């Protein structure tokens, strides 16, 4: 088997996050795997609202078009923007870090909680839990009140706030594991787990492994039905996806 | 009260559809209302796949930014692309024609069916039904096998196919009303209803009226929580939504 | 088009409520619309329990029979008693203020809360939310502990209690909009909205507009299936619905 | 222990059905139990539509008021009209034959089907299945196309049609048991079971036993919360339920 | 009719619990019924975790094989271990005390709460509520923090703790009835009901009556489909269920 | 990092299946991983009914106790018997091949179908889909009518039947991918995929990779809450899980 080549697509334009998530993916995948971590040229430096998200989703589709020769794609924003579109644009497997984090959580815990950034994202996350069929297994979606831009290991205060939120949902809601709802929190997952005492699921690490797993199993995105290649639609002012 | 000004946003770039839907909205709204029907400068001429849809959603957000002085917005594509983002970008009510069509259907019938264009859109529509809490009231999502680009009153064959599909779901599945899953079908709704013998819900007409109704009631999009103004995020290569 | 004639059916026998709701409907509908607001001759002066509700539902069916020549019907009690029966008894659209209020709320907010009268009605309202597919979007059903009979603008204390409840669900539960679960609260909706700072959905105003919207779109109650004319059943001691 | 006194309330006015269901209840209950089988003075001779049902529900509430001294009540129409109201009006247990039939079915089979009278009742039954949390366990709701008025052991043709429908849902849908969706079918349940070869659940027999079971266990309707005594509401033109 | 013979299968090996539950069943069933209360020779003395539960489920299947000549079976552990397997192994009705308690609760109350032993069992009970379609009707699953082994009337402190928990869920969550989530609590149900003032549903008493009710109705476990006799599978090291 | 040691637990006693699944796991995992494939000493040679399943679940718990020094466990029967119990008995991750197959399917397809052995297992699989929150994404559960014992690559006829069933659900139901509901089908997955033309998800291969992925991420089964170590319960006639 040749080496596994993962394209990690950071939907926001913050190069620090792109790099940090690339490091997490590389460290988690077995030796010899290659990770190309990229972000769009234009768009938000972090994704906090639906308006940011629609810009990012279109950027993800564009990135897949620009990076065709990879074995799998990881969309590295917890809201999974553009994942469905990306699946139409390639036969390789496409994984979103949000769905990956949920899959990890339900495999190692019966009830989990999500720690997120701002209160405004709670309904979005609840709807994602519903869509993935795991709302009944999530005991709390706990916002920190700290925006995405301030997440990451270079910010000690954020880690402490995540730990506090984690302890709260364990004690108050019976959370048995945590899901970190932000790619920017990926590099603090192990530190939080060690402090809170329950497993902490980060979608970047587990999502990279899920992409690798599908590849090892020879499983590719179905081209029959909803994820089939885009229809041959004429586009105005830009190239179409299939013309 | 001053006159009601509706911005009808066609997420695709097909001017014929934009114009036809503008006519439907104008004819349905009470006299004196104003309808500005627009479409994006760039993007797909019709929306058949998720890849088309993410481009369109970003365009809808952009259109709202460019058209600030309206009393309400109608997003005129059945998949409701960008509706959530649009709600963040204005205090005026924002209505999607997909959700509007479902609301009409459940008010006049206990069980309905959706007639759509291509088979690949069936899962997307089922998921939308689920999201809006009406999947249990829909007895069938019936694809015509005819793409969006060929819908509309200028195409007699399409109307006949819609009528056939409508009769099928009434006889076979007990559909009591039909929902037409394409803005491009708006101008044939009454003809289909007359042929099939059950009410036919078109989201352009009813959605325009829902927008008007919210305005008459003084109901505006909540700026508290999920639909609050976008966060002040730095953008690269393009203006942010709030800087 | 001739003028729109709405029959507003107050299922309880409190003439003050009938009149107040008639005023709300008239003020919300566009100029030239006619509203006939009626209530039954016998039955409860307010509807607090299921026992009151079954009497009221039968009265609603009777009122539709007595008022045939209208373009639409609005059943003006939050529990929507008799709405299904009314739909069988006419081809005109029939709207319940409960379902209308929910439809308004989900169009302008992602999460809402319901403010109701007595704690005993909480399960009934939760079940209605479930039936309409919006239970997951409602963050709280908050009872005032004040009966229906004491609601309305002539009662300053009730308005203050509604405002308090509204502020509570916004702060504690993240409610982005309120639904007032009582026709008798219709005339205080705007005052509450102004005090609490989030949109307040009242089903009388929005329901009247929904009825009008359906009429404008030429959408009538489906006579195929569940809402078909009643079967020709023999009745004892009273006239049947179709003999 | 004194003898168990069951009030069987037939919501329609067909004395033949009242008597036949009384016989079924008496034959199923252990020796020494007393069954008072009654029907309202006014209302439909059978219940096929929602309009019939709202009249019947009000009649059920009235019947409970007139028959206070019983140990339990059985509402003997498959749609369970007025069951909630009846529960408010007594401390004795109240059982509906619809809910009882579903409870029997899920205890003896993993998947069941419902055989009903007219196609128009299918949505009503599906909604009841949903409300009782068993929609996922029902593989089919199969209408006979024969109205309630023609059901019963005095009608050989109906029994044959029920048997045919039963065989159909067993072979086609994998039904493991049948539920008969009509009190008027109670006296043919055993004949159908013997012909089709799967258990047939009739809510009259099992509902009478459920009422008896609750009584034996000392379980009475909760007077705390939703089923508490009706509020003291003034009534116009008729006595209120609690004044 | 001959006398009803119930086999009460206690899945744990605590003879005190077996005997106490046998007494509850005998006292609840009508005179003349026979109750054989048994427990396995090997396995846990109480069932607190899933590991205990899988041992107990296998033991239940074995007990049914050893006790063929009974009219019905009652599996007397709240988690209903082995109930599905037991249904495959007999034509007689099989009732689990968990499902029976839920059926009683929803018949006499619109909202109920469950009082359980240890916090770790909360997810298991929530999942059972979901599986039985009644999660939306349960307002709380309240753990006592006291293990199964210490439940029962011989332990005054436990009764007081159950009463406290019951008062808490009534006042805080609006519970209208209680379900005791442990066979070992069966003999204190009436004492708790009297102290808390709402009905208390114990699955041993009501489950015994449900088994009796099915038998009176001639309803037996369906042998068509999921509960059919086990397939003829070869077993290693032990006798198979059908060889 | 040391080599990954997976314990593959075949819940049935068929050594041919154990060996075949061990080969699949070894071939899918990266080089250097160790797979110990075992089966119980006593129990069914294949698992077709719930009675077989409860015996197998208890055996799985016993196997985990006997094989403590592994990095992860894979329970290799599609019904996932004993997975919850196994999670209580180790800190290592435990994966069931049923849940793993569903996770793979929803990542590469929007709608999938399950191909199973006997019709009697359809309800069991539907309930598992429900439990894992993916019932709405499964368009069909298609039985072959061929028992587990006859599955596997040594049986050409079975492969042809799986291919036929696969083609049927793709054409008739719009299945975009297949899930093979039997560990014994693992070694024909690629052949079926090649014939049917859609991805085929086998839980043995993907489940082994999921176990490996969790291990790479440092994610272990949560010991807080439902999957905590078993309580210290006294056992009769056999050793307890924690004494």
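Order of writing sets the labels: A, B, C, D, E and F. Residues in every chain begin at 1.
Rule of thumb we're sticking to: contacts are C-beta pairs under 8 Å (C-beta built on N, C-alpha and C of every residue); 3 or more make two chains touch, one makes a residue touch a chain.
Quick caveat, the model's predicted, so the values are computed rather than measured.
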Graph separation of chain A and chain C (steps between touching chains): 1
Numbering shared by both copies at the chain C-chain B contact, with half separating same from different: same
Maximum centroid distance from chain C, chain identifier (CA atoms): F
Repeat of the D-E interface, chosen from B-C, A-C or A-E (over half of contact pairs identical by residue number): B-C
Per Cα centroids, the chain farthest from chain D: A
Separation of mean Cα positions, chain F and chain B [Å, integer]: 43
Chain A and chain F: spacing of chain centres that average the CA atoms, whole Å: 26
Residues of chain F engaged with two or more neighbouring chains: 84, 87, 110-111, 119, 122-123, 135-136, 174, 225-226
Chain contact graph, described as a line, ring, star, complete graph or other shape: other
Those chain pairs that satisfy the touch definition: A-B, A-C, A-E, A-F, B-C, B-D, B-F, C-D, C-E, D-E, D-F, E-F
Footprint of chain C on chain E - complex, ascending: 110-111, 136, 174
Interface residues, chain A side, partner chain B - complex: 13, 40-55, 57-58, 60-61, 81-82, 84-85, 87-89, 118-124, 127, 131, 147, 149, 225-226, 228, 230-231, 233-238, 240-241
Complex contacts: residues of chain E adjacent to chain A: 119, 122-123, 126, 130, 135
In the complex with chain A, residue positions of chain F that touch it: 28-30, 84, 87, 93, 95, 99, 103-104, 106-111, 132-137, 170, 174-177, 190, 193, 197-199, 201-202, 205-206, 209-210, 212-214, 216-222, 224-227
